[in-house]
Amino acid sequence: MNLQIYLILESIPKMLTGLGVTLQLLFLSAVLGLSLGIFLLLMRISGRWYLSLPAFIYIYFFRGTPILVQIFVIYHGFPQFEFIRDSVFWPILREPFGCATLALTLNTGAYVSEILRGGYLGVQRELHEAGMALGLSKLHRFVYVTTPIAVRIAIPAYSNDFISLLKATSLASTITLLDMTGASRTIVAETFAPYEIFISAAIIYMVMTFFIQRGFGRFEKYMSRYVKP
Amino acid sequence: MKDNDNEAKIILQDVCKSFGDFQALNNINLQVNKGEKIVVCGPSGSGKSTMIRCINRLEEHDSGKIIISGRELTNEVKDIDAVRSEVGMVFQNFNLFPHLTVINNLMLALKLVRKMNKSKAREVAMGFLERVQIPEQADKYPIQLSGGQQQRVAIARALCMNPEVMLFDEPTSALDPEMISEVLDVMIDLANEGLTMICVTHEMGFARSVADSIVFMDSGEIVEMKPPDEFFNNPESKRTKAFLSQILSH
Amino acid sequence: MAELSGWLDDYFWGAMVVLKVFGVSLTMAVIFGLMGASAKLSKNRIANKIANAYTITFRGTPEILVLLLFYYGSAIALTKIVQIFFPQMPFVDIPPFWAGSLSIGLIVGSYATETFRGAFMGVDPGIVEASRALGISNLHTFFYVRIPQMWRLALPAFGNHMLSIMKDTALISIIGLEEILFVAEMATAVTLKPFTMYMIVALIYLSITTVITMVVMLLEKHANRHLEVAK
């Protein structure tokens, strides 16, 4: 029993390193995914079929298949092609970290664009008209009228997606990455103490979830200052 | 003197508009001269909103001509935004931008369309808030205001652009009765200053005292157009009589 | 595409396993969701607390950790128990199918708890009172009045939960269930065509999720049929 505790104590630095990897994956793919989501949204609402149709198919594919499968297609599948191995992206795609970030980005981008679209559809048509009646251009209406309101409407759903993304980072452990889940799995393999290790990791994830929810809650409150008198 | 004023601001010629199979406007002809005030009334669904929304090109008409200050509204008009900024519009439900404070609602188009700098825009906006008598509400959000105050802000927002024509679509029908007069007072002031106005409303007292002509619409057509005295005392069409007896009996 | 032909039945049977997991997890998610929602809505403070702890835990923990914990954790617990009676027993294995289905059922059940709770609150209390006034028992009112009414409101969100369950089934390959991802791994080892093999998995999932989406749309139509105006 003492040996167990000693091993667990010894594993704390490993877990912390894993936590760092998890946070890197989370923030990198959140930022890239948000940009991708905005890009897809613009394609989707462009009103041109040759832009909106590809965006629709992209979103349909990434929302309709498991993220784990997407990770495997990229990590195991891409090296099948010589042109990928010869491309400039190979140094990134060769590494599990690059593959995981790419898969998470592509996946969350699809969800985020739908969330943002929900926000845009939630903005009353009358407000567009008020902007038109004042002579505001399409771009000005988009930037100054629709977007601030759409963002407010989208925050709760985006917050949930951000939490899903945090949880999805744990799948990077399936392609040998030592994120927090990956680190826990190696420690369990050494100590065979699944309860202690997995539960500690779960608690850390829950704490992060709590702070993410709180952060977005604050942001939403700030953005909603004009909704309640 | 009168002849000088007879400069046509708005001309509608044989304007038709349908939504799918439904003909919302049927051969509308209307001319509004500079400084004229037109009140439009008619039963629900008769096409009043559609007509004034076409004038601002919030709806596109199918055929006929609409000419605003000498510029015809067509698909080719690239600067439709420029035309719109010459024509002010006030909506039934105010349609203030909820995420902007009152003063920022007024300043937005001044900065973006009129390219004013911030302090100039603020000065202009405050001037119009004073004119509608709510300068003290400048830094509140729309939802913190009463309906009547919101509608006055909306009027001020449209006035800021210094429009040549103002369109009102039932500006008082979403208001509680006790707030109607504060909005009508502002509109009467504007009328007395000589602004060109088209106003959809069922406030017949306002129509009687302000309008140069009253237009009665039914089923997408202009049935009758007359000065108020004649309109109320001597309506020609049966449909107008039926409508008047209904609305005046309350 | 020639290398594919030998693997088609493996993919087929793998897909059957996935559908079985889906069926079991879905049933569990509904049961846990109804229990969770009832607990959250009950006046019993302890039930409230337990239900809150349940949803916070399972919504805040990555699915894969839940899965690993259940798989290894229950195996160890079971081994300990069995060893009391048969000390010579080295290790008891938990079937990954059940550990996996239970985990997914619990995870998605925590989301369904919130959905069902909201939907129960949307049911007109007058209807429930009317049922009680007719002398229908509480339990019967629950099953014959409240659930059918609630179901209509819950369906759109529950459709999304069904898609989550479907996609979560892929995780069970991690604890060794022989389903389609496992087939893809085998096929890759032989054919050296990983992209093709994993892409087939993706397309199988895409077809199943498409079917689920369509079924949910039909169910919604069915659930709302009494709202359609007679023609």
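A, B and C label the chains in the order they appear, each numbered from 1.
The rule we apply is simple: a contact is a pair of C-beta atoms (placed from the backbone, for glycine too) under 8 Å apart; a residue touches a chain by one contact, two chains touch by 3 or more.
Nothing here was measured: the structure is a model prediction, and the numbers come from that model.
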Leaving out chain A, the still-touching groups: B | C
Distance-to-centre winner among chains (Cα means, whole assembly as reference): A
Pair joined by more contacting C-beta pairs (A-B or A-C): A-C
Intercentroid distance (Cα basis), chain C paired with chain B, Å: 56
Inter-chain centre distance, chain A versus chain B - centres from mean C-alpha coordinates, in Å: 47
Distance between chain centroids, defined by C-alpha means - chain A, chain C (Å): 23
Complex interface listing, chain C residues touching chain A: 56-57, 59-66, 68-69, 72-73, 76, 163, 166-171, 173-174, 181, 184, 188, 192-199, 201-202, 205-206, 209-210
Touch list for chain A against partner chain C, complex: 60-61, 64-70, 72-73, 76-81, 163, 166-171, 173-174, 181, 184-185, 188, 192, 194-195, 198-199, 201-202, 205-206, 209-210
In the complex, chain A residues that touch chain B: 124, 126-127, 129-137, 140, 144-145, 148-149, 152, 225-229
Sites on chain B touched by chain A in the complex: 56, 58, 81-89, 91, 93, 95-100, 108-109, 112-113, 141-144, 157-158, 161
